[in-house]
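Can you read through this structure? Questions will come right after.
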């Protein structure tokens, strides 16, 4: 198991959901970067549960505590270590999970892989709570990127049958992204937002959960980051995006729609704009031959519905090796998509920063 | 630029389309593996162009020449180096590409990134021809995997508006995969195959190209390979899949369909089968919490239509910085999807082997 | 700056001497390993200052606090994060170091590299105090190695003009190593120990410091770990040994004595011993062609005298760019060699474990 | 086994001594670097055998053949692949080595590690011949470094009992290094050279071999490359230096002499020189706290006498598991030190370039 990411920025994430603390070490940050902690807290709060009925009512404080690598809010160049204490955890709620794995959770493969030694309380190291340090790292990365004129932002593109407007791929502005990345339930269209909340509430009332998609964009990336073959922008970003729990698909530009497109429809012609080369359209999502082409990077991820539902489910008892009906107790998000928006932004920011360093 | 992949198996790919040769080094292979060269040639031939009207009429011999790491067809444990000589190349066909980048090709970002020093003949190091060494490495990986009971196979799932049958995700057999991975234009349904050929021919007659999707599966993977956070099976596989030119989306299990699914529909319940734990369905594509769960690994990739079309296109002249109409000469695949099937299998095989070593 | 080591075991060290805490993350540990915390404390105590006049009188408690990756003293397989709180630090003692770099310390190159942003209190991230997390990681590694029959131990081979007996390279026992690695001032010959203490005391009374060497051995390593070219046992071990502050030379087997040896003297003939192949001598220190050969691994490191001396020294004022005489205040070890013994053992243990995983 | 080195420059070496060819791939080179092939050939020739009685009379042509990554002698930014054909090999000379391992060679551990599948002809992948691609890579690295004002050069410091003058560590000039790195048997003092040749000839007449040391220096390195903990200049350089066959010790600055030095003797005071900070002495070999300090980087390596001697030696028969007397046939260098000088320069150049990219 390796909870490490990056070539130039090395991010190591540790901790278990119900252990003492979770946290991360970010190695390779430039020195002399002034960090705005309030902006970091905004992203942490966007990910934190308990804000409304669409998320789990557990209260997490999730205050990031910087241990090293920063003096007077300025990076020193030494590894930045950060801790978030775990509080308000009720391990008892999870006590029957050891023997009966929750369907579509990590429980069963983790049991096999770690021989029953892994911490199962609250999902342990597999808990989606481990995305909090990623959001922290992403918030740091965003600030460094911002100084380079690069902006990352995302919105909920779909929840269940409800769809938001999509980005106008070739005309995304950094202001639009900044606005999206400063609010808790980011949508382009505010009507869509209410419909999405309704969709989630319906799932909740049904003791069920619901999936969705998130669209993310990056503006200001210079031409030529990434490379072909094994170092494509898509390889780097997908690698960290698939590290986010529940993400099951990653698409750049037109994604799966390319399958039914002709070259003449999919190609992004070039034009001269303000004396520079620019694309007329941005079907490719800002990446050609694995490299950024100057257009905004645009990608979409699909998140599966959280497997923690309160409906009875069929599972097996790993002790008796008999089938058993499982009812998951505790309170769980009926939809993780809204809280996942800052996580996706964070993953993209860390990936882009690693490519740009 | 780094053309290196892998943690335990280190694959380094080199060469330019119209240079002297292309090739690869595979480091970290176990010693004592008997290689069946004929099987390797089969995969190389499946990728090679010129088999029928659906692909480019250029003749490539693509005979892999092993330089080191193998004696009497048995791996020695030392790095396996392989060369494929380049023959039958007409550099003159590409002579106007330096100043006028082909839309949606790597030309423009590569020009910026490498300051005009990169080899542009035939795409240089960015040519899809560089997938030949990947197919070689994949063919080697497949044979090592086969000895561990792991089989990789893929088929064309869609070309344009034509769709093949999809895998029955929870009931894929290694025989089915072996059959698919031994033929040049792999489809599950033979009617679909003819319709796809027609679709490609239509694009060709229109001086255009067409995209598609490929579905790939892996059987026999033991429970528990991969890990969560930054070492998920999805991260590893997507990272190498996005290295394949034209791939713009990667989806596991239900992929983007998860967005409109409820947890109760998406969860894969457990049952006891032959005394072991098994999933009742396989919506998750064999990966839970980043780890293999014992069900077949099932994924889908989308490939954009090749940007090399003979229709006139708008571009810019990088010398004069004026807009210009470009007509790409030379003969090009109207659809790269059929030839990409063994490339996708190869990428998956190398990724899975790296995870299993 | 990357404070990361290892391919299979990934060790990340963070913290500054006078910051809130120092610590490490160890990723890739096997699950199910029962840790004996008392043994870890023994190594931590061997490194800790203040035990006698040979070391700095500052009191460090250095109690390692495990944050994650361990439940009931058993590893879970998730990253093991550990913190050591910093206490009893007097930053005032170091207040003039910013402008006048201490000769032969990291002060000057760090000032240039980090643009004055690095934490200079007590050496910051460059402090030898950062070896405490390495000792912790080494103590964990030793316990895993012990379960594989591998033992690491070291002794002070030389301080100033005083030399200890050297290992009988081909006949080192694990008991001998265990004994050495359980005491604070490890020497083979007890007379040498007293003379060394005297040598250190002389340096201290002279307001000076003194260097030395440490010899380290590993028994029980199976034949064939490591590899040639870039993965030699010597490469891996030297890489981590040169991470230990003050280490300026690393030698395997006869080391620099090989320069005046004939092949007929230096070669280790083979014999049959208890039905197995064994070397008659062990001039090569257990490594041939980069691989372990079954004999004990034997190496020696040289440590320079600590540059922190209280004698006046010539330096420059980085503000005025004028030469200035510097007098370093505070109390410092006149000799770091005794405390470095567990650090060297730790570095070797982590390196060997990474090779053996 | 991993024959890969580097973080930013990735060097992969492949081939077996008596296989078809040996070679390397260098990935990550900047584009647009004009290579002077003649200078590369000079270094290749310095390493090649057969120049005089001090080395093996086998004729190797060792002409590097560049396959990719270079057009018109200018790097393209794509991986540079290079091949050297193997010629003039007499495999028969080595036919008894499979069953009776040569003492102090890689034969025995390689036999165990690779289960008898490794290529044993001429040492296979373990042959010192594999240093030819390293010399090539080093020659490329030197040219890139030269453009940054960095020069690498080395000389034979000792062979047997004969010693050369040593570098005046704080006053090394790039001219001095260039002169040393352009001749085949590099010594500072020409008298020492003749005595060394005599020492080698004596060993040869005795059917024996002799060891030695090489001192290497680098001028022009900017302050602040490398970092502390796991990224020290010493870690990086020692890691690649210990990849060179026969190297058994690496020392920076005063090396093992530090053991008997006081801090007041070992510290390098600072002065102002031409308006900049400079060290008064250079005992630390240009590295402080793992970082370059602006003084020349100075290091020394010890090479053991080559284990291939024609004197009868005791070994064991791995088939019968009985002791046996071995007489190694074929012609071998009585001293590899002179030919190793360009190899050491190459290793250092590649290491420094990787740190500086």
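Should a chain be cited, it is by its letter among A, B, C and D, assigned in written order, with residues numbered from 1 in that chain.
As a convention for this text, contacts are C-beta pairs under 8 Å (C-beta built on N, C-alpha and C of every residue); 3 or more make two chains touch, one makes a residue touch a chain.
All values reported here derive from a predicted model rather than from experimental measurement.
**Q** Considering only mean CA positions as chain centres, point out the chain farthest from subunit C.
**A** Centroid comparison gives B as the farthest chain from subunit C.
**Q** Taking the mean of the CA coordinates per chain, how far is subunit A from subunit D in Å?
**A** 47
**Q** With centres defined as the mean C-alpha position, give me the subunit B-subunit D separation in Å.
**A** So the centre of subunit B lies 39 Å away from the centre of subunit D.
**Q** How many angstrom lie between the centres of subunit A and subunit B, each centre taken as the mean Cα position?
**A** Each chain reduced to its C-alpha mean, subunit A and subunit B end up 26 Å apart.
**Q** Send over the residues of subunit D in touch with two or more other chains.
**A** 1-4, 13, 113, 125
**Q** Which two-chain combinations touch?
**A** Those chain pairs which touch are A-B, A-C, B-D, C-D.
**Q** List the residues on subunit C that touch subunit A in their complex, please.
**A** Answer in residue numbers: 1-4, 10, 12-16, 19-23, 25, 27-28, 31-32, 67-69, 71, 74-81, 83, 113-115, 117-119, 124-125.
**Q** Given the complex with subunit A, which residues does subunit B contribute to the contact?
**A** Subunit B residues touching subunit A: 1-5, 11, 13, 101, 103-110, 112-113, 125-126, 130, 158-161, 203, 206, 208-213, 223-224, 227-232, 234-236, 238-243, 245, 247-272, 275, 277, 279-280, 283-285, 288-294, 302-309, 311, 313-316, 318, 321-323.
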